[in-house]
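Shared chain: chain A. Partners: chain B in the first complex, chain C in the second.
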Partner chain A sequence: MSTEHTKNGSLFTPFNIVAGIILAAGLVVTVMRFTMGLGSVTNLSDNNPWGIWIGFDLLCGVALAAGGYTTSAACYIFGFKRFHAAVRPAILTAFLGYALVVFALNYDVGRPWRLPYPIFYQQGTTSILFEVGLCVFIYLTVLFLEYLPAAFEWKGGFDKYRSILVKLTMVLTIFGVILSTLHQSSLGALYLIVPSKLHPLWYTPYLPVMFFMSSMFAGLSMVVFEGTLSHKYFHHKMDEDYNANYLDLQFAFAKGAAWIMAGYLAMKLLGLSMDNRWHYLFTGYGAWWLLEVVGFVVLPCYCYAVGYRDRNIGLVRLAAPWTVIGIMLNRFDVSLIAFNWQLPSAERYFPSLGEIIISLFVVTIGVLVFKFIVTRMPIFYAHPAYKDSSH
Partner chain B sequence: MKRRHFLGLMGAAGVSLTTGVTAKAASSADVAGLPNAGGVLFDASRCIGCRKCEAACNQVNELPKPAKPFDDLTVMDTARRTDAKSYTVVNKYVPKPGENPVFRKIQCNHCMEPACASACFVKAFKKSETGAVVYDASVCVGCRYCMVACPFNIPAYEYDKAFTPRVMKCTLCQPRLLEGKLPGCVEACPKEALQFGKRRELINIAWDRVSGNPDKYVQHVYGEHEMGGTSWLYIAPKPSFAALGMDEGLGTTSAPELTSGALAAVPAVAGIWPVLLTGIYAITKRKDKIAEEEKKAAVEAAIAKASADAEAKLAEELEKAEVAGKRRIEVEVKKALEAAAKEQEGGEDA
Partner chain C sequence: MFNTLQDLMLHNKSITYVLMGVVLVCFIGFWRFLTGREERNRRY
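Showing the complex of A and B:
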C-alpha cells in the first residue's frame, strides 16, 4: 500500500496487484458458491453451521465498525466538539463496515434473496437474531444518512437535502447509539441459547454486556488505528482542522479505551466468580482464555493508560491494533474456538480456502471503496463551500 | 428541529421497538401447556439395533437411498448423527469392553419449548398440537441459527443445494399423525422399544417401568425436564445416560428462557438511552452555556475594572496637572512681579 499516487504512475503497483488477485479469486469462489451451493466452497457441517463468515465477517465486522457510534456520540452528545473532524472518517468506516457485513451475509445464508423476509414478511420476534437483523438494517440506513452529506457536498446541487440531514444530526446520533447498544449486545446474546455448546469460561449471562462494552473500545481503537493508517496514506487530503486535533483525539480515545477495558476486565472476572469457574483456568482452554484476557485486554489496556499518562503517542498507536486483534480473538473464541468444545477434534471446524478467500475479498472491497471515497469526497477535510457548517 | 418534536420522535421510536417483545412473552406461555401433545417413549433396554426404524423413516419420508443398505449392521461401528439424508440414526454403545452393546435411537426430540423455534427469525418452526415440531421451508432464509441453537444437534442442512437448500429434521411423521397413523419408526419397531402416546401418559408408563426395576434402569426419565421437557422420552439401563452418549448436564431451563432476559432488556435500552443521552447532551450544552456566560461576565468585569482604573488615573493626572499648572502660574506671576519690580527700579535709576 506504499504507492498511493497511481495517477502519474503505472496501474501495476504492488497494492493493485494484490488487490486484483484477491478480487479475481473472490469472483471465482462467488460463482462456485452461487451455482453449486455452500457445500462446494465451505467446510461448514451439520455440527458446525457457522464458520468464519459469521465469526469474522459478521461478529468482527460489526464490532470493528463501532467507531461510528462512539465517535459521533463523543462529538455531538458528550461535548467533544473539537473532534468534529474525526466524525466523518469514523462514520464512513462504520457505514462501509456494516454494508459489507450485509453483503457478506448474502454468501452465508442459504437463500439470500429471502433476507428481507424476517423484517417484512414474517417476524420471528422471539429470536435474538431477529433483533440483530432489525437493528443492523435500521442502523445501516442511519449510517447511510449520516454519510450522505459528504456525497452531496462532493456532487453539489443537493444543498436542500444536505441541510435537512445536517439538522437531523442529533437525532441520527442518538438513534445510532440506541441501535448499536441493542445489536452489539445482541450478537453476544446469540450465544446465550447454547450453554451446553460454549465453553464455561466464555459462556456467561453477561455475554451481551461484554459484547457491548468490548464494541466500545473496539470502536475507539479502530478510529485510532484507522487514523494512523490514513495519516500515512491520505495525508495530502487532510485539512488543518483535522490535523490540529488529531493527536488530542488519539490521546483522548486512548484514555477512554483504557477505562472501558478496565471495566470490561472486571466484568470478565465477575463472570468467572458468579458461577465459580476459576478451576477451568487450569485447563488447556484456561490457558487460551488467559492469553485472550491478559495478552489482549490487560496488556493493551496498560499500554493505552501509560501512553496517555506519558503523552507517548507511539504506545497509543501500538495499543490500538493490539486491541483490535484482541477483539477479533474474542469473537473467534466465542463463535468458533470455544464453541462445540466438547466435540471430538475430527468433528471440529476449520475454515476452507474458499471461506478465507471470500473474507479477504470482502475486506479488499472495503479498502478499495474507502480509498475511492476519501480521495474524492470531503471526508478528511471540510468542503470549502460548507466550511462554516456544523456538520 | 424543536425539542418537543425531537422528544416525540424518540418516544415513538422507543414504543415501536418494544412491540416485538410483548409478542414474545405471549408465545412462550402458549407452548407450555399442550395437554394432548403426543410423544414417543424409547426404552434402550429393549432396542436390539436392527435399524428397521431407520429403514422405515427413510421410506415414509421419501429420503434418498443410503450408500450402505439398512440391513448392514456394521454401519453402527462408527457413531453417527442425523443429516440431510437421514432423520434418524441408531448408534451402538459398549459400556465396558466385552459387555453386551446398548443402542440408542437419535432423532428430533420435539421439545416442548423448542430452541429452534425460539431461535428462528422467520418463525419457520412451530410446535404443533400433535406434539410435532414442524418446519416450513417456504419461508426459511437458511441462516442456520436453529442448528446452532439445538442442544441435541439434530437439524441438518442441505449444503449441496445451490437454490433450494432446506433444514432437514424428523417431523414426528406429522402428515401420518394427522391421518391417524403412527410415526414410521414406531410402527416398524419389532421389539416395542418405541411406544407412541400422549406425553403425560408416557411419563407415567416410563416411571412405572423404571421404578419397578430399580436394579435394571437408571432412575431417571430423560426428556421429562431436560431443556424444559421434550416430547421424546428415554429410559435406559444402568449405568447412565451418559454411557449412551446423552448429555446429562443440559439442565431444565428451556431455550426461550435463556434468551428472554436479553430480549426484555430491549425496551429498557430503547427507553432509557434517549432520555439519558438527551440529558447528557443538555448538560453538556448547559455547561458550555454557563462557561460562555461566565466568560462574558469575566470579560465585562475586566473591562469595567480597566476603565475604572483608567478614570482614576486620569483624575490623578489631571489633579497633578492642575497642581503643576498652578505652580507654573505662580512661578510666572512671581517672575512677572520680579520683572516689574526690576523695571520700576531701573526707571527710578534713570
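Showing the complex of A and C:
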C-alpha cells in the first residue's frame, strides 16, 4: 500500500479501495460470526459441517503453500543452488499461507483461545486430524524460523540469532519436507473415513498419495505463478541474482511439475481401475471428473511439457495459474462437490455470502501482508550487509 | 457379473496390471518428449 501511496500521492488507488471494502465487510462478518455463532453467517449444517472455510481456506491454502518446501528442498537438498534467490519469496508465501490457514481455522472452530488445547492439553493421538494439527503447528513454527533471518536483517541488531538460524537452514529444510509429507497426505487421509459420502470417482484408498503428489506440483506452480506476478509488481525490488536465474527456475519447475503431474494422472487411473469405477465415467459426475482430470491435469501438464521443451516461457506461465485452479477444483470436488453426492439437492451445501466474504477477507489479508513485507524486507534481494552470508 | 470377491479382484487387478504396463511405457515416451531438446539447451 505504501508504495502505491507514494507513487500516486493518494491512498485511494483502485487496489486500496477494493482491499478496504473487503476488509471492512470481513470485519463485520467476523463480529457476527463470533457474537452470533456459525449459523448466523454460514450455510453449514449437520449434513455439511465443513464448507468453504475448510475446502478453500484450509485444503487449498495448505496445498498452494507447498511452494515453501518444494523450493527449499530443490535448493538445499537437491543442490539447485542457483535458485537460492527464489527460496525467500517461496518461504514467505508458505509462511503466510499456513498462518492464514490457522487464522481461518478459528472461524470454523470458534473459541480461538482453545486452539492450542489439542497440542498441549488433550492430544487425540488416534485421530488423523490431530496429526494434521500437530504437523501444521510444527511446520508453521519451522516456516517462521526460516523466514526470521529476513526480518532480522531488516531490523538489524540481531546478527547472533540470525547467524544461528542460517546455520540451521538444512535442518529446518529437512523438517519442512518431512512435516509437509506427513500433513499434506493426511489431509487426503481425512476423507478415507467417508467412503459412503464421497463419490466413488474421488474416493480411493490412494487419496493420501494423491493429495501429497498434487501438493508438489501445486507448490511448484504457485512459485511460478507468484514469481510472475511479483516480477510484474515488485520488479524494482529484485536484485541481479534473482533476475539472472528467474527464467531458469521457471523452466526447471515446469519440468518438475509436468513430470509429477504425469505420475499423478497414473495414480488417478490406478484409483479408478483398482476399484472398478469405470462405469461412473458415463454419468454426470463422470463428466465433471473428466473435466477435472483432462481439463486441469492433462492439458496443463502438456502445456508445461511443451513450454519446457520449446523453452516457451509464455506456455509455462499459462500452465501455472491453470494448474493452481485445477488444484483448487480438486480440493473443492473432494470436500464439497462430490461430498454428500447422494443427498437431495435441497440438502446440498452452497456457501453463504458471509463464508465467501471471510474467504476473500483472508486472501486479502495475505496479499496485504505479503506486500507490506516484500516492500520493506530483503525478500527479493540480498541485504547489502549480509550479501556474502545470505540465507 | 461377479459372484465372489475373488472374481472381482481378479478382474480389477488384471485390468490394472495391463493399464500400469501401458502407463510405464507411456512414461518413457513422455520423458523422451519432455527432455528431447535438452541436448541443445543443456540447462538442466
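One rule holds for everything that comes next: the second predicted complex is superposed on the first by the 381 of 391 C-alpha atoms of A that agree within 3 Å, B and C clash if a C-alpha of one lies under 4 Å from a C-alpha of the other, contacts with A are read in each partner's own complex, and residues count from 1 in each chain.
Convention: a contact is a pair of C-beta atoms (placed from the backbone, for glycine too) under 8 Å apart; a residue touches a chain by one contact, two chains touch by 3 or more.
Remember, predicted model here, so these are calculated numbers, not experimental data.
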### Query
Is A:Ile178 touching the first partner chain B, the second partner chain C, both, or neither of them?
first
### Task
Classify the contacts of A:Val102 with the two partner chains as first (chain B alone), second (chain C alone), both, or neither.
neither
### Message
For A:Leu23, using the defined touch cut-off, is the partner it touches chain B, chain C, both, or neither? Pick first, second, both or neither.
### Response
neither
#### Entry: First (chain B), second (chain C), both or neither touched by A:Val367
neither
### Task
Please tell me which partner, chain B or chain C, touches more residues of chain A.
B
### Message
A:Leu318 in the overlay: touching chain B, chain C, both, or neither? Say first, second, both or neither.
### Response
neither
### Task
Considering only the touch criterion stated at the top, classify A:Asp310 as touching first (chain B), second (chain C), both, or neither.
second
### Message
Looking at A:Ser273 after the superposition, I want to know if it touches chain B, chain C, both of them or none. Which is it: first, second, both, neither?
### Response
second
### Query
In the superposed arrangement, does A:Ala189 touch chain B (first), chain C (second), both or neither?
first
### Task
Would you mind listing the overlap between the chain B footprint and the chain C footprint on chain A?
none
## Note on the structure
chain A partner, complex, touching residues on chain B are 1, 6, 9-10, 13, 17, 20-21, 23-24, 27-28, 81-84, 115, 117-124, 139-145, 147-149, 151, 153, 155-165, 247, 249-251, 255-256, 258-259, 261-263, 265-266, 269-270, 273-274, 277-278, 280-281, 284-285, 287-288
### Residues of chain C that touch chain A when the two form their complex
8, 11-13, 15-16, 19-20, 23, 27, 30-31, 33-37, 41, 43-44
### Query
Which residues of chain A touch chain B in the complex?
34-40, 42, 44-47, 49-50, 73, 76-79, 108-112, 114-115, 117-118, 121-131, 133-134, 167-168, 170-171, 174-175, 177-178, 181-182, 185-186, 189-190, 192-197, 205, 208
### Query
Which of the residues in chain A end up touching chain C in this complex?
248, 251-252, 255, 258-259, 262, 266, 269-270, 273-276, 305, 308-311
